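First the structure, then my questions, so here it is.
Think of it as A, B and C in the order they're written, each chain with its own count starting at 1.
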Amino acid sequence: MEEKKSVLKAGASLLRDYLVLVMIAFLVLITAIIEPKFLSGSNLVNIMRQFGPLVMVSLGMTFVIIGGFIDLSVAGTINLVAVVTISLIQPMGQLPALLIGLALGIVCGALNSILILSSGALTQAEALFLTFGMSTVYSAIALLYSHGSTMHFWDISASKSIFESIGSGNIGFFSVSFVIFLVLLAILWVFQSKTAEGRAICLTGGNKTAARLSGIQVSRSIIEIYVIGGFMAAVGAIVLFSRITTAAPVIGAGYETSAILAVVVGGTTLKGGKGSVLRTVMGVLLVVLMSNCLDLLGVSSYMQYAVKGAILMFAIWLDNRKQA
Amino acid sequence: MSKSGILTSIYKALTKQKAFIALIIMMIGMLFSKTNFYSAYNLLDMLNSTSILLILAFGVTFTIISGGCDLSIGGNLVVAGILAIKLLDVMPIWLAILIAVLFGAVVGFINGFLVVQQKTEPFIITLGMGLLLTGVAQQLTDAHPLPAKNPNFMMISNGDFHGIPNLVIIMLVCFGISYWIMRYTQFGRNLYAIGGDYEVARYSGINVIRTKWIGFVLSGVAAALAGVLLSSKLNTGSPVYGETTALVVNCGVVVGGTSFAGGIGGIPQSGLGLLVFGMLDNVMNMLEITSYYQVLLKGAAIVAIIWMDCFANKRKREAV
Amino acid sequence: MDTVQSEYILSIKDVSKSFPGVKALDRVSLDVKRGIVHGIVGENGAGKSTLMKILSGVYQKDSGTIIFDGQIIEHTTPHESMKRGLAIIYQELNLVNTMSVGENIFLGRFREMKGMRGTHAKAKELLDNIGSKVSTTKLVSDLSVSEKQMVEIAKALSFKSKLIIMDEPSSSLTNEEMVELAKIIRQLKAQGISIIYISHKLDEIFEFCDIVSVMRDGHVIDTKPKPEFTRNELIMKMIGRTIEKEYPGRSRNVGDILLDVRSINTRKLHNVSFTLRKGEILGLVGLVGAGRTEIVRALFGADKVKSHQVFIDGNQVHIRNPKDAIDAGFGFIPEDRKIQGLVLPFSVESNISMASIPKFTKLGFIQKSLEKNIAAQQIKSLSIKTPSTRTAVNNLSGGNQQKCIVGRWLEISPKIFIMDEPTRGIDVGAKYEIYTLMKEIAEKGGAIILISSELPEVLNMSNRVLTIFEGRITGEFNPETTPADRIMSAALGIVGRES
């Protein structure tokens, strides 16, 4: 009887760990049955399309969350990087534009971390508000910079081949953006799990006080996580507008929620310290699959927004119970 | 007192009254502007537009005083407003409003459950709730503003009673009720105790879970009421106004002196803080600052305020 | 059940309480007569506060019986306890800092008091009764410690308490305030209220108490009417076990001056200066809040300081953060291992290797095998009991958790090892192991600054002892030759220096 109980208990906890995975697998199954279009080549390409920008942002977000914080400014960063980069292709050339765009992402991230450090903010909640506010600022700057207008590739006569290849080019079997993703994933994974700095970030997220009292430079870790977050948001922005060949100053809307959702669903705890970029990749896949299925099943994009919010709440609640 | 002693006390007094000072600065600044800021019409209009934000602030205060926060108010208010408008087609106004407000209570109840009973972080989970509700709002309206079909509905927020706008009256009533609850009832005082020190409150026999939970319900009710009033004012239900509202209101409350730390501040302080934002909006409009700059300034103001609140806490922690 | 009122207000019989790894109370029996002041003396770790917390309902006892005012008490909460008439005034006061005095006294009873006006009126009455002039509308955060105590006493009185327990009430009071407290105690006694008075200060015990109980190691050693005790007997019973078997003896390898600290000044500390020699164990003795932890945190760069100068081996070092301190040769076992020392969800391996990351990093990359070796070695040499190196440190016992932290620092061989309450919450066996370790470190030339609230521990392990009172060093003693109560007096700010 005791054995039966403990098996049930183990099963229940396993189910809890992978509950969201199971739910979405279920959804995929149902969709594949109802809508055979799901398995078509063009749909799979579609899935890959959505995967690109989101995974970049989410990988960056993973670091911030492992470090014990959160970054709600990615939407604003994406907006800003997108409009600035695309606008500079013509006057400056595509390579400088690209580099400036990436640098801008780093600057935004660094700015976030400076605000957090200088104010002495220690908690995730304080970081939430500060970065939320910064998102508004970055978005506003994007609006001002672009005068609220959207820029298209076809407005640009200069060469934009780099961006075009990011958007739709291929290297052999894989798309260029997928290769970029793999390279960045590898770098980030190695950084997170195999370097001293990565370890420092985990320890900072695990227990800031203990980390500091063991000689770890917590401030440096905080700057690192936000810079990575900003940089990856910039990469995401570039992949995004290269894909859709336009950059509107509101292009980043909703990415912060999707990214956080992907990280949490992937299994990285919001409490910080533990997690993995690999898990986040899984989380992004799940989120994208979910959107795709809901699309095919005819659920409106508004309802999907609501579902995202609901799943976020559910995932956070689950995460909380797990850590208790 | 030594020179540094005097300076420190001045600094302390100033930081406590940041809202007041911000108001004074703006009011003095506007004296020099060539605008109609000081016209009766404008002042009343300012109060009128801020009324809805004020009602939201009163509700949110119940959660912040007890140590939590409620970021779902934006989503809550838009859904409630849309709900009211949709229900107007099939039932009398008062019933539609009642149901909308009840909806807010249910949202607050769920928030309370998750935060207090399940002990999740209030910031992020109410954020999620806000998103959920915003999505629902968009779904209900298909992202188009939904016009009200009952002309009387519009009069609620747009009418006046012997020259005083209805909104202002409603806001004052809400102020009175909230103030009374916070200051003169056991429930309100318990909220302060919980925010001040959860364990001490618990040891003193206060039902901390139930009290904090009810705080969330009140916040939901206030948000729903604000939503109904907003719909009435614009005579449409629109999902747009939810977005930065939560942020603005929570920040405004902090500006006025109700701290996220809990146990500090109150209804009048929160109101004062929101007046700062209300006046800021009005001032920016008067000065014809383009809307993009307005967003920028507001965002920067919000960051500055939170930054200062964090910094004040840091100084308290590290007092050498 | 007896209808005749028993002569005892409180009867405790065979009460035991254990925490993971530690038996805090071992069949404690105690009877408190009505209308008297019953003193309880004992060192930290003797079990006094655990017993009090069980009485007041914060903890639940594992076994035994408690009868209060004729009623058997089983599961209770702090609030119920208060209502029943048992009030306790803790050392760490139980007040809400952000609220006023009046509201604190009647916390949760706003309606009963008919609102704010009634609250403040009745609060003023209570405070007047005990001779306190504190304004009821003042915020608790603006009060001094003695004023806060008065508020707590008023709170206890507001419940018509029959028994008031005072836990180290005079630890932060001035002489005048003590006189006031003495008056109040006499007043309470005259009203028929029984008092349990817990204190280190033997003078007060002898002044106020009618009956005294001595606690040690979770037992009540003896209970006698005060006149039947002598001072020495009390001290002996408090600390005097067969000391030799518990401690491995002192290291005798004291060398040259290694650390020279001059004038640490912070909000709490005033001109703290001292030296530390190689191979020496320096004990810091003082009451809770006296400033011992503040001193070592200032040294370690964990807190900001107004000013100080630190010299190691004659060279001045500037320490602004823990990393600087570590580079200068410090190691630091913090007071609260769970909150400040360990990353609980992480593995034993990670927790041990935390401070020595550069040691197993090549070109920025972590060498897992080296890390594993470091951890394995420390586990072995410290006999850390853990199922594996990957086990979450949260699952280890207190003693083993502490050993992980010790191992963390041993790995980088600090010159100066700061240990703040290194044996708190650890069973006797593990304690001895840590003492042995400390002796070894000292014998090899390392220096240790030891903070412990267990006086016997400090006195038996240290080569030299500094007493700290209200942020100042009040004495420097040789624990081998100075009687314990002399040292204690200095720690209580009473007597002057002696070497």
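Everything that follows uses one rule, which is that a residue touches a chain if its C-beta (ideal position, glycine included) is under 8 Å from a C-beta of that chain, and two chains touch if they have at least 3 such contacts.
Note that this is a predicted model, so its numbers are computed, not measured.
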- Line, ring, star, complete or other: which describes how these chains touch one another? complete
- Task: Give the chain pair, either A-C or A-B, that is connected by more C-beta contacts.
- Result: A-B
- Cα-centroid distance, chain B relative to chain C, in whole angstrom: 44
- Item | Centre distance in Å when chain A and chain B are each reduced to the mean of their C-alpha atoms | 30
- If you average the Cα atoms of chain A and of chain C to get two centres, how far apart are those centres in Å? 47
- Listed in rising order, chain B residues that touch 2 or more other chains are 318
- Spell out the residues on chain B that touch chain C in their complex, using ranges where they run on. 183-186, 189-190, 192-193, 195-197, 200-201, 203-206, 262-264, 318-320
- Within their complex, chain C touches chain A through residues 300, 302, 321-323, 325-327, 332, 334, 339-346, 350, 354-355, 357-358, 361, 364-366, 408
- Footprint of chain B on chain A - complex, ascending: 70, 115, 118-121, 124-126, 128-130, 132-137, 139-141, 143-144, 148, 257, 270, 300, 302-310, 312-313, 316-317, 320-321, 324
- What does chain A use to touch chain C in their complex? 194-197, 199-200, 202-203, 206-207, 209-217, 273-274
- Note on the structure: Interface with chain A, chain B side, in the complex: residues 69, 75, 114, 118-121, 123-125, 127-139, 142-143, 244, 247, 250-251, 260, 292-293, 295-296, 298-300, 302-303, 306-308, 310-311, 313-315, 317-318
